[in-house]
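You will see chain A twice below: alongside chain B first, and alongside chain C after that.
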Partner chain A sequence: MTAAWHADLQMLSAYADGGLDDVRASSIEAHLLSCETCRDLLAPAVPAATIDRVWQGVVIATVAPHAGIVERVLLRAGVRDDIARLLAATPSLRVSWFLAESLALGFAAFAANVAPGGGADAALFLFLVIAALAPVAGVAAAFGPGLDPTYEIGIAAPMRNERLLLMRTLAVLATSLAIAGLAAIALPGFDRAAIAWLLPSLGLCLTTVTLATWIRPVVAAIVVAMTWLAVAASVTAARSDPVAAFRSGGQVLALALIVISALVLSRRRVVYEGGVAA
Partner chain B sequence: MSLPTVEIADVHKRFGRTTALDGVGFDAPTGITGLLGPNGAGKTTLLRMLATVLAPDSGSLRLLGWNPAVADERLAIRRRLGYMPQEPGFHQTFTAFEFVDYVAILKEMTDRKARHDEVARVLALVGLEGVMERKIKALSGGMRRRVALAQSLLGDPDLLVLDEPTAGLDPEQRLRFREIVSERASDRTVVLSTHQTEDVAALCPRVVVMLDGVALFDGTPRELTDVASGRVWLAPERSAAARLSWRTPDGSHRNIGEAPAGADLVAPTLEDGYLLLVGDRAFAEEAA
Partner chain C sequence: MTVRADGDEALLRAVAQGDREALEALYRRHAPWLMVRLSRRCSDPGLVEEVVQDTFVAVWRGAGRYRGTGEVPAWIWGIGIRRLIDRLRRSPAAVMREVPHDEVSISAEDQVLLGVEHGDLGTALGRLSPELRAVVQATVLDGLTTKEAATLLGIPQGTVKTRAARARRELREALA
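Let's turn to the complex of A and B:
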C-alpha cells in the first residue's frame, strides 16, 4: 500500500510520548503498520524502550480484535506477541479450564466452611487434593501427541520443543497456583495448611513431565495422580488427620521428588525433541 | 540427475507387533518423488521419518546431506523442512492467519513484520487470501487442507514432505496444488504420498511404489506404465486369464494379467502398471 500522506517528526514524537488524542494516535498507528518510511522516522525520534511499548500498543490494537481471550489477556499483561501466540495454543490454557478449577476449589472451600465436623475434614482434604492435582492435569494437557493438535508440525519445526514445553508448563502452573492460592483464602482458619499443597503439586507436576518422556503425558498424569492419591488417602485415614499427607513428612517427600525428577529429566529431555528413539 | 538429497537405506520400524517398515530403501534427488501404495503400506511412517518426527528402529537416513539421528544435524534439517502431516490438526479457535503465524513462530521467524508478510504470502499462494481472518473451525475441509499446505510452504523449504496432500481436494484445487508444488520443485526436494495414480502421472518425475513396508518399485512413471505393457487387453467378456477386469463405459472389458494369444492388446496406463505390481505381490502372498 502506498500512503497518501506521511507523519511529520513532531507528530511522531508527540505520538511516542503519548501526547496525541485517541483519534490521531490510532490513525498514526494504522499508518505506521503499512509505512516503513515513517517507522524509520519514528525509530531515532524515541528511545528503544518507548518504541517497544508503542509497538505493543499497536499489536494489541491490530491483533487483539481477532485474537482469543487468553491471547488478549497475555498481550495486555505485556507478554511478547509471539510468545502470547505460542501460549494461546496451549490446550489447557483455556478460560473453561480455569473456570472448572475455580469451581471445584470454591466448592471444596465452601464445604469445608459449612459442613459439620468430619465432613469439613473431608472437604479440606478434598481441597488440598484438587489444588495439588489441578496443575498436574493442566501440565499434562499442555503438550503431547493427541492433545496438542499441531504436535507433529511442532516437532518438525526448529524451535526447541523443550522451550515450548517449559513455557507452557510455567504458564499453566502459574495460573493454576494463583487460582488455588486465591481459593485457599476462603478456607476456614486460613493458615499454613492452606498452602500445604504447593510443594506436593510442584513435585507431582515435575514427576509427570519426567514420566512423559517414556509414556504419553495423559497416561503419566493418571499414573502419578492415582499413586499419590492412594498414598495420601491411606496416610490420612491411618492418622485420622485430614492434612496428614501434607505435613512435614509429605513436604520432604515432595522435595525429594522434585530433586529426583529434575535430575532424571535433565538426562531425558532430549526425548522431547522428537525424532529420537525413546 | 542430481545428487540424492534424501537417502533411505534398509529402514525398519515396528509398532508393537505391527511391522510398518520392513527394510525400505531408495534415494530421492531434487524434484518431486511420489510414494504410491495402498493403505497400510508404510507411507506415512516413512514420511514421518523424513520429517524428523519419528526415528527408525534400524537402518539409516540422510536428509539434505545430514543425519537426523544427530541433534545438531536434525536441527539443521528442521530449519530447511516443510511438513504437512496426513491428518494435520488445528487450533480451532485460531484464524487461518493466526494458525499459520503460530507455525511461523515455531519456525523461528522472530521478526514480526517479516513473519506476517511471509504468512500472508503462503496463504495467498494457496488461494486463501480472502479467508485469512476466518476461524479455522468455520473453514471447509478443503480449505483446511490448504491451510495445512500453506504452513508447510513457510520459508520456502528445501525439503518438502507432504502426506496425501491432495486427499479431500476437488479437481480444481488439485490442479492448483500441482501448479504450486511443481513451481517449487526445480531446485528443491519434494516427497509426497498419494494413492491416486493421476497425481503421480501428472506431477512426479519419479515414483516409488510401497507395499508392506518395502519399496516394490522405484523408477519413472513411464517405467511403471511399462510394467503393464503387453498385459492389458480389451475383450467383450471378462477374460479367464485376467487378474483384474472391469467393464469400461463403452461396454467392453479391460483385462489386466497375462494376455492370451491373439488378445486385443491396448496401451497400458500408469494405473495398470501399479495394479499389476501391487496385485502380483498380493497373489504371491496368497499362494505362500
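Let's turn to the complex of A and C:
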C-alpha cells in the first residue's frame, strides 16, 4: 500500500456529493480500496443516522432465521409472511415429514404391485390403513405442547388459536391427502379402492382434533389410530376381504364420524383459546 | 459504537465464527464509502441503503468464504456492486444516475495529483465521451462482466461491447 498520495478533503466532499467528474471519481474509488486514511476522511459524508438505520436493518436480517423451503414456497405462492412462518413451523409441514409419508405409502403400493396372491391383498390393506392414518399423525403433530416449537408463542400471540389450528390442519390435510392421492395412482388396478381411504381419513382427523380438546393431541391421535386399526383389522379378518372396512358401510360410518365430530368441535372450540389440554 | 483495532482480515475471521461485534466494527468501517460509491451508480437512496444492508448480511453469511486473496474492501465492493445489479435486474425501473455531460473544470493542482496517480491515462480517460467512460468504469474499474455492466448502465450487452471496443481504440490512440 503506497500511502504517499492522499485525496484532500475538498476532493472527497465533491466526490461524496456526486459533483466530481468521472475520471477523478474513478481515481478516488481505486485509491479508497487500499487507503484506510482516505476512507476514514470520507466517512463523515454519510449521516450517522443513516449508518445507524441501515445497521439496524442488518441486525434484524441476520438475527431472523433463514426461511426454509416450505416457507419460501408459501411466500412464492403469495401467502402473507407472518402466516407463512406460522405454517412453516408446523412439524408435519417439513420436507422430512413429506418424505416419510411418501416412503411408507410408496412401499405399500410397491408391495401391492409385486407381492403374490394373498400378499398383495395384505399390502392393499396396509396401503389403505396407512393412507387413512398419515393425515391423522400429521394433524396430531401440527399443534400442541412438545412437538410444536411455536406452541407457547402461539398461545400468547394476538391471534385466535382456533384460526391457527384450522389453518395448520387444512395445510397438513392438503399436503397429506395430495401425497396419498399420488401414491394411490401406483396401486394395481387403479379403481375406487384407491380413494376409499379419503372419507375414513377425514373422519379420523376430525375425531382427533375433537378429542384433543380433552386430551393431548398426540394421545388423541394414538387412541384414534389404535381403535381404527383394531376395527379395520377385525372387519377385514371376519370377511376375509382386504377392503372390507372401506366398503359402503365403512364410508357411511366415516361420514357420520365427520358430522358428529364437527358438531362437537364447534361446541368445544373455545377450549383451544387457552391452549390445548396439556 | 464498537472500536476495534483489529485488521479487516482478523475481523472477517471473527465474523466467520459468528462474532456480531466484529461485524459491526467491519460495518462501521466500510459502510460509509460503500454507500457513497454505490450512490454514484444508483440515484435512488432507498435502494442504495437496501443494497448496503444486503451486502453486510451477505458478509455475515459468507465471511467463511473469504479466502484472504485481495484486500477486504475490494471483496466487500465486489459483493456490493453485484447486490446492486441484482436489485436493478429485479426492478429495472430504478433510475440510473445520468452521466454528467458538462465537464467540471479541473484545477491545475488536481491535474498534478491526477498525473501522479494515473499519468497520461487520466487525461486520456477525460477525453472519452461520458458514454464510453461509463463503460470503461463499469468493466475495467468496477471489474464487471459485460452482462453486469449492461444491467448497471441500462443498455444492451451488444452496446457495452461496441462501446468498450471504441473506448479501447481511443485510449490506445491517445496514449500512443
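Everything that follows uses one rule, which is that the second predicted complex is superposed on the first by the 209 of 278 C-alpha atoms of A that agree within 3 Å, B and C clash if a C-alpha of one lies under 4 Å from a C-alpha of the other, contacts with A are read in each partner's own complex, and residues count from 1 in each chain.
Criterion: a contact is a pair of C-beta atoms (placed from the backbone, for glycine too) under 8 Å apart; a residue touches a chain by one contact, two chains touch by 3 or more.
What you are looking at is a predicted structure, and each value in this text was computed from that prediction instead of being measured.
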Practice item. Would you check which partner chain A:68 touches, where first means chain B only, second means chain C only, and both and neither mean what they say? Key: first
**Study point:** Which of chain B and chain C A:32 touches, first, second, both or neither
**Key:** second
Practice item. May I ask you to decide whether A:82 touches chain B, chain C, both, or neither, giving the answer as first, second, both or neither? Key: first
Exercise for review: Return first, second, both or neither, reflecting whether A:24 touches chain B, chain C, both chains, or no partner chain.
Suggested key: second
Check your understanding: Where on chain A do chain B and chain C both make contact?
Key -> 59
**Study point:** chain C - residues contacting chain A, complex
**Key:** 20, 23-24, 27-33, 35-37, 39-40, 49-50, 52-53, 56-57, 60-61, 71, 73-74, 77, 97, 99-100, 103-104, 106, 110, 113-114, 116-118, 122, 125-126, 130, 133-134, 137, 141
Study note, to complete from the structure: Per the touch rule, the chain A residues reaching chain C in their complex are 5, 11, 15-16, 18-27, 29-34, 39, 42-46, 50-51, 53-55, 57-59, 61-62
Exercise for review: Sort out for me which residues of chain B touch chain A in the complex.
Suggested key: 48, 51-55, 57, 68-69, 71, 74-75, 78-79, 81, 83, 85, 88-91, 93-95, 97-98, 101-103, 105-108, 110, 112, 115, 133, 151, 161
Exercise for review: Quick one: which bits of chain A touch chain B in the complex? Just the residue numbers, please.
Suggested key: 59, 66-68, 81-82, 85-86, 88-89, 148-159, 164, 270, 273-277
